[in-house]
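Below: the structure, in structure tokens.
The chains carry the letters A, B, C and D, assigned in the order they are written, with residues numbered from 1 in each.
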Amino acid sequence: MLTPLSDRDTLDVAGLERLIEHILAGGVHGLFILGTTGEGPSLSYRLRQELIERTCRLVKGRVPVLVGITDTAFVESVKVARWSADAGADALVVAPPYYLPEAQPELQEYISHLVPELALPLFLYNMPALTKVAFEPETVRQAMDDPRIIGLKDSSGNMTYFHRLAALLKHRPDWALLMGPEELLADAIFAGGHGGVNGGANLFPGLYVKLFEAARAGDLARVRTLHAQVMTVSERLYRVGRHSSALIKSLKCALSLLGVCNDFMAEPFQRFRELERQRVREILDELGPIDLTP
Amino acid sequence: MLTPLSDRDTLDVAGLERLIEHILAGGVHGLFILGTTGEGPSLSYRLRQELIERTCRLVKGRVPVLVGITDTAFVESVKVARWSADAGADALVVAPPYYLPEAQPELQEYISHLVPELALPLFLYNMPALTKVAFEPETVRQAMDDPRIIGLKDSSGNMTYFHRLAALLKHRPDWALLMGPEELLADAIFAGGHGGVNGGANLFPGLYVKLFEAARAGDLARVRTLHAQVMTVSERLYRVGRHSSALIKSLKCALSLLGVCNDFMAEPFQRFRELERQRVREILDELGPIDLTP
Amino acid sequence: MLTPLSDRDTLDVAGLERLIEHILAGGVHGLFILGTTGEGPSLSYRLRQELIERTCRLVKGRVPVLVGITDTAFVESVKVARWSADAGADALVVAPPYYLPEAQPELQEYISHLVPELALPLFLYNMPALTKVAFEPETVRQAMDDPRIIGLKDSSGNMTYFHRLAALLKHRPDWALLMGPEELLADAIFAGGHGGVNGGANLFPGLYVKLFEAARAGDLARVRTLHAQVMTVSERLYRVGRHSSALIKSLKCALSLLGVCNDFMAEPFQRFRELERQRVREILDELGPIDLTP
Amino acid sequence: MLTPLSDRDTLDVAGLERLIEHILAGGVHGLFILGTTGEGPSLSYRLRQELIERTCRLVKGRVPVLVGITDTAFVESVKVARWSADAGADALVVAPPYYLPEAQPELQEYISHLVPELALPLFLYNMPALTKVAFEPETVRQAMDDPRIIGLKDSSGNMTYFHRLAALLKHRPDWALLMGPEELLADAIFAGGHGGVNGGANLFPGLYVKLFEAARAGDLARVRTLHAQVMTVSERLYRVGRHSSALIKSLKCALSLLGVCNDFMAEPFQRFRELERQRVREILDELGPIDLTP
């Protein structure tokens, strides 16, 4: 979930409520806050706490709330985890600390020290492009021995890696293996994964839910139709900006045009200027009824 | 400067005092805290504040104190900057926010928003291996137009880049261009740089000060002798561990063996085990009188 | 197809014949020689010519023969292309020249100069990990306007990229979009691709053919069973060595143990030593009847 | 040395003669042909042979001629080496085979197999950005035990690596340690290196020779003046184009404007178009008397 902001350190509270209702109306099965798309690392701790509390209060248990606690500082991760448990969140998500890169034995030891400090179950978050370090399959295999670790979200975009993890699921049939990039949601389900954490679901939640269901049902024809729409969103909307931040900026911009929430971006990024905003408006017009596909 | 710790969130206060006196006795011209070697991103904000305050109090103005405020969250950087000003530090140091990478225009805008929030002059910190993003020469050139930005520390290890920045100094003769990797300290001075920020100076401060002075004096023969010792420290001591964290671990281990401070490492890293500690002990014995070179 | 060698510049002629019959018996729909797994760039031009001629003669038109002409030198690529046409091959395959990396406009111009020199239709070969440069979707789109370019093999392992290319197929319904990594063969078919170029098919050709057919038939349950075997081959066999060359070495070693062909490797690589050979023998014993799956 | 071409597979014979005389007139101490700047990997073998023979004949022993034999195919490297010996060249230069990357033990074995096949002494050529693989210091140390290997050219741009190699020279006082990037020529001499292989010396040979001599003499003031000119050439001339190929294109363009040789580029690259050519003309006018510095 995006984090609606109205200023550098101010939540867009009304926008947050509208965004949550917009997403839940699309039928999603959970909410993940304070991830990459949620600009987690860019937010002050005060604001992170406020977001956790408000989100849990607004969701009211309708779907599970997962909270990202990734941080370079162990003590701060534990603090965010505590706020999450206190607010009634359901699970935590952690990527490797992302300043100085860890070797796998260091990462394994880190996880083994972190888990006992947490009052909620934990998902691992594989995001090597941003954290420099991947959870190697051997490390995941080891993590599976700890019942407090209940799944992994893979945002590597590396489908072979995903298959390698899927082959490990026999050791923990209760694990949830989730796909990050929405372009690979269907592939992930076919590969034995359990779902996706799709940034685009902030905007078109129904599209991704339907694709998920079609893939689960093995309805290849319907998957192809829906996946083509997912690719259109990616190819058109996310290419308005040229930088790494384009996905977040374009989603926030589109939601602002739809009247859902503010498009303010946390530093070091800035919302789209008028030129790009105009492009997003045109693309939304073309995509128009995408989320209404029956 | 390393950050002496006695536990996950506890400063080694006595060790901090001994470490500062050890370093200052070597004749260094400034102290940089909360950088990479100082494990800045791994420390809780509470501990960062304590470290800033204690360091400024212990240094008592004998040399300038520079404080790293690099953070993925703008608001937290500003908070650390305020603590630094309140504690009497002399300057701040900032690397690019290091989660989602910025394009240069985004980085330029970030810096232009940050500087007005700071009560102290600012150094840029180029560290692309860890932040993913470099301060490109064009961005540095632009930053030179702001008198509140007073220098740059380059830890890229890219000597051609350093030469490119040195060629820009004509636009700001008052700027300080500093070298990160200690193996390149002498090269940096020959290239027109003004000094180095050397992790090894935690252990052998006199060695790097003497090398700096020899390079400034253009004494090539003496530079060669002293630089050979610098290379020996790097090739022997920093290669005890095999991971990115080896430099910090080996310096902390050596200082602990010398009775200066505790070798506790902030998560996600751990101090050397006994085997590596024994190796460090042997190497220290061999290097022995390195810092006493007249 | 692997290139069976009996010495640095000598084809294992009897092994080549046995290997071709072994692969064709598995039901494959084409043979690609002088690719990465075929050690193309490591072979002398004389040997490349001999391999092309012998392969075409042995295959006798039973399946199409594709020949890799990738080279840093344009003139040499054209020479290999001419030998291929003279020998009766069916198509050529070219990756970007892989020494100094090209920008996309340079790559586009290169392809536009190369095609008119070729007497056979051309496949593009996307292999950025080894060539440094990818065929960006815009470049592929442009190549589709030339009827002499008839397809692309994608060995990037980047499934999102594959989906982006699949979305372009509407512009050239006759194109063949092929997957490189065999772990992604089924994903590729589901994504609208037309087949795979699987190194493992040197050893277990039937396995990959059956997986291809199951995916084409949309038989998800059978795909899952066969894909699990593919993953087992990858996870067990290809991990015997630790370097980039492990896949080729382990396949050659296994085929040598099965009496199909020599395991001599072209420089700069060397065949497995006895220790690894013993591991491969054990793994083959365990995998045993993998190719006999009905 | 650049390779003057008048067409895809045709040497610019008159240009070659003028270029050699132009360079030798500047006082250089050797000529290295068929390297990266010489477009070695892009040239047909026939043309490589012709270039070797003509160059040796034209140089007539006035300076040593070094020939690049880097190739992905062992057999072809040996062939080029034989032509070099037959033509009267003085030494060979080899970088790691650059398609599938080698691990260090594989690279060591490769070198140990290659050297006995060569009739001339060998330089190693460290160029990891293009070959993917570096000669790690341990591998260089091992190579020093073979008297037929007589030096190394380092084009990594990594000055710390260069210092590490310089520290190994005590094991082979007769070795020549050469710097690739011309921006680091002076640094290399101060670090104990023996010279540079400077692309810019095709255009302004005297400049680099004078810088080399000033650095050898320890004349820091003169080094600073000359090095500023070197940086000006790099910052102005080599930035006319934006791609990796810009250095070669701009040098060839400038020499063509000066009437020395043709600016035809081997595929996959193309000479500058008129717009960039005009830029180069203007820059040459500004730089004008650079090579005449007394």
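Methods note: contacts are C-beta pairs under 8 Å (C-beta built on N, C-alpha and C of every residue); 3 or more make two chains touch, one makes a residue touch a chain.
For clarity, every value in this text was computed on a predicted model and none was experimentally measured.
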{"item": "Neighbouring chains shared between subunit A and subunit B, ordered by label", "value": "none"}
{"item": "Self-contact between copies subunit C and subunit D, residue sets same or different by half", "value": "same"}
{"item": "Far-end chain from subunit A, centres as C-alpha averages", "value": "D"}
{"item": "Averaged-CA centre spacing for the pair subunit D and subunit C, given as whole angstrom", "value": "35"}
{"item": "Between subunit D and subunit A, distance of the C-alpha-averaged centres to the nearest whole Å", "value": "49"}
{"item": "Sites on subunit A at which at least two other chains make contact", "value": "none"}
{"item": "Which chain pairs touch, all of them", "value": "A-B, A-C, B-D, C-D"}
{"item": "List of subunit C residues in touch with subunit A within their complex", "value": "157-160, 163-164, 167, 181, 183-184, 186-187, 190-192, 218, 220, 223-224, 227-228, 231, 234-235"}
{"item": "Subunit D-touching residues of subunit C, taken from the complex the two chains share", "value": "8-9, 36, 41-47, 72-76, 96-103, 106-107, 109-110, 113-114, 130, 242-245, 248, 266-270"}
